[in-house]
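Alright, structures below, take your time with them.
What follows is a pair of complexes built around chain A, which joins chain B in one and chain C in the other.
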Partner chain A sequence: MQTLRISSNQIAMLTGCFLSAGMIVSTSKEMVYQAGQDAWTGYFFPMVYGALIIVISIWLYKGREGITLFELNKKLLGGIGGSLLNLVLFWYLLSMLITDLRKLAEFVKTTLLLNTPVSVTMFMILLLTVYLTRGGIEVIARVGHLYFFLLAATIVSLPILLINEFSLANVRPVMANGLEALAKSSFMAVGSYGEVIAMISVMFAFSYQKNPKGLHPMLRGVVFGTFLLTVLSVTLIGTVGTSISARAMYPNLMLVQSIHITDFLDRLDIILVSFWVPSYIIKICLNYYVLTECISSIPSEKQNPKAYTIVLVPLVFMMGHLSFESVVELVHFETHVWSFVTVFLQVVLFSVLIVARLMRDRQRKKEVELT
Partner chain B sequence: MKSPNKVFTLLLILMGTVLVAGCMYGHLTGIIGSVAGCIYLLLMFILLLVSFLGEGLAPKVMQFLGRKS
Partner chain C sequence: MMTLIVLGTLLYSQYRKTTSDKLKGSGNVPYYLIALLAIGMAVGDDSGMTMILPSRGLLIWFDPILEKLIE
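Let's look at the complex of A and B:
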């Protein structure tokens, strides 16, 4: 049997790409609406939340590396309990996938393909996703590694490219809106950080930590993703201002459109967006891969995940097409509903798994004492 | 030398403290929020150095933090 392996750096890059590409499109709009000029500080508590679920997962996986989260559920909760939990996770991952797919299709319609229907764009993205997903997790990791550098480079270079448009007066007064505004804007981003569970689900099966005492690569990825989002957010508020950022559908697109270095480099936004879109597709591919792993783990015996890659296409496409009436509804769902769903599901999931793990450990200790 | 996990946790606690304190007192005068914002960004940059450049620069930074703290 072929063994799939991903390096620590690829995991860190993939996690960073997963977070920053996922939130680059729309979340910042609602965060600015809630916290005004302090929205850039709103990524700290979601980062702590993301780090926390990674740390809990590391503890849950201790001594059980080499399996996916769905197999771990079955090991800890038994066949029926594990399958039921996997079924709930399947619904969660499917919701995550269709939200991302539709969001990207709407974004592409606004920026690049103005006259193409959303459903056609969505279907083409889905076909590309299936093609990449059939290549396996290693292919996704390699492509993610490649595009993450471009994504990071474009975000880090934004403050320099926009230095002539940036006004410090837009950012000041700093932290003057109080804790309530910070809490509200932070909660908007928790949903997106909670999506790290898709990474957690498969990464422990295909990777090993080079230095077990060191920092886990997924934690590094969360920090790097947060850094990029903070840089992007500060640049957005300083350049575009809070009132326009809070009202525009895609404020980050507006930000890159504000780049005016010279007359002949006026449409730099198309180049930057063409780096962002593939990074987002990598996130969708990873979601899709995790979804196939999840559905293949629901039956009593694990099946081949590749068998589900094409089978899932009609379901994902129809749900993506029918779930949201417009992009406004989609953004509202992502910022107001998704965080609540994520926190609720993950608190229940991890509480059940922690209790099951503690019970298993106690049982094992008793068995050792008896023998 | 301190372990990266300890330095990571310490930096997270420091960032959280600066952020909460800044938001609690930032409305009093503009300077409090501005200073808190600068420290927060600096700490985030150190966190990035410590965590992301794991095998390269991070041991040196951690060694430096370990000696000083």
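Let's look at the complex of A and C:
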């Protein structure tokens, strides 16, 4: 059997892509609504949360590299306990996938394909996802690597492209809305940062380096993703202003539409959005891949994940179609419910795993002492 | 239309599964669970079947509480 491997740089870029592409579409709207001009500072605490769960995972995986989180669950909790935890994770990952899929379909309907029904767009994206996912994690990592450069370049160049529209008065006064507003704004982004669990689930199994030197690639990715989101947020608030950003459904789309360099470069937004959409599709592909890995680990014996790639299509499509009645519901789910569910589930999951790991270590120590 | 898409995809994947024989033993359980859920949703559409969707159920139950807490 061919061994799949991805490099540390690819892991870092995939993590960065996972965060920045995922939040580019709509989270910033609710964050600006809550914290006004201070919304750009709201990514710091979620970043600490994301980094914390990665650090805990590194500790959990110590000495057990080369397996997925779902296999680790089974090793630490036994067959039945591990399968039950994998089942819970399956529902979590499925919810994450359908939210992203529907969000992208709604975004494409608003920006590019105005007359196409959302379900048709969603089905097309799903087919593309299945095609890429069947290529394996290496294909996703390579395509992600390529598009992350473009995504990062477009975000970093935004302040320069919008320098004529930017007003520093929109960003000031800093920290004027108090800590409560900042806490609420940070809470909106926690759900999206908690989604790095999908990366954690598979990356330790496919990494080249078992113990990479320096900062772990996933931590590098979280920091870089946060940097991009902060740049985007400052540019948004400084250019569009807080009142419009908090009311618009897709404020970042309004931001790129504000680029007016010359007359012939007036529709630069189409080019920028065409870089953002593939980056988002990479996130969906990775989610889908993790979902197949998860479901193949639920039965007592580990199955071939590829066997579930096509059969998951109808379930994901039906759920994506029926779960949300409108974009407003979708945004509410992502910013209110999702953050709560993510924090609750991950606190329970990691507490159980930490206790199980400590018990296993103690048991092993006792066995060594006896021999 | 949706039911047709769902059934078509399931039939195709069933065909692929039987020809490639990728699943073993209890691996068939999640496979048939997915099929059952997808067909149930396609047939049930907007009736009570949608309540079993994780995201829809969570949205209906938790959103009003969290909305009050945040506001």
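A few remarks follow.
Operating definition for what follows: the second predicted complex is superposed on the first by the 365 of 371 C-alpha atoms of A that agree within 3 Å, B and C clash if a C-alpha of one lies under 4 Å from a C-alpha of the other, contacts with A are read in each partner's own complex, and residues count from 1 in each chain.
Note that contacts are C-beta pairs under 8 Å (C-beta built on N, C-alpha and C of every residue); 3 or more make two chains touch, one makes a residue touch a chain.
Bear in mind that the values here come from a model prediction, so they are computed numbers and not experimental data.
With chain A as the common reference, the superposed partners chain B and chain C fit together side by side. In the overlay built on the shared chain, the residue A:170 is in contact with neither chain B nor chain C. With both structures placed on the common chain, the touch criterion links A:224 to chain B but leaves chain C unconnected. Here the apex is the CA centre of chain A, and the angle it makes with the centres of chain B and chain C after alignment on chain A is 160°, in steps of 10. By the touch criterion defined above, A:304 lies against chain C but remains apart from chain B after alignment on the C-alpha atoms of chain A. By the document's definition of touching, neither partner reaches A:7: not chain B, not chain C.
Looking at the shared chain after the overlay, A:51 reaches chain B, while chain C stays out of its contact range. With both structures placed on the common chain, the touch criterion links A:341 to chain C but leaves chain B unconnected.
Of the two partners chain B and chain C, it is C that touches the larger number of chain A residues. Between chain B and chain C, the minimal CA-CA distance in the chain A superposition rounds to 19 Å. Chain C makes touch with chain A in their complex at residues 2, 5-6, 9-10, 12-13, 16-17, 20, 22-27, 29-31, 34-35, 37-38, 41-42, 45-46, 49-50, 53-56, 58-59, 62-63, 66-67, 70. Considering their complex, residues 3-5, 8, 12, 15-16, 19-20, 22-24, 26-27, 30, 32-34, 36-37, 40-41, 44-45, 47-48, 50-52, 54-55, 58 of chain B touch chain A. Partner chain B is touched in their complex by these residues of chain A: 8, 12, 38, 41, 44-45, 48, 51, 172-179, 182, 210-211, 213-215, 217, 219-220, 223-224, 226-227, 230. Against chain C, the residues of chain A that register as touching in their complex are 34, 91-92, 94-95, 98-99, 119, 123, 184, 187, 295-296, 298-301, 303-304, 306-308, 310-315, 317-319, 321-324, 329, 332-333, 336-337, 340-341.
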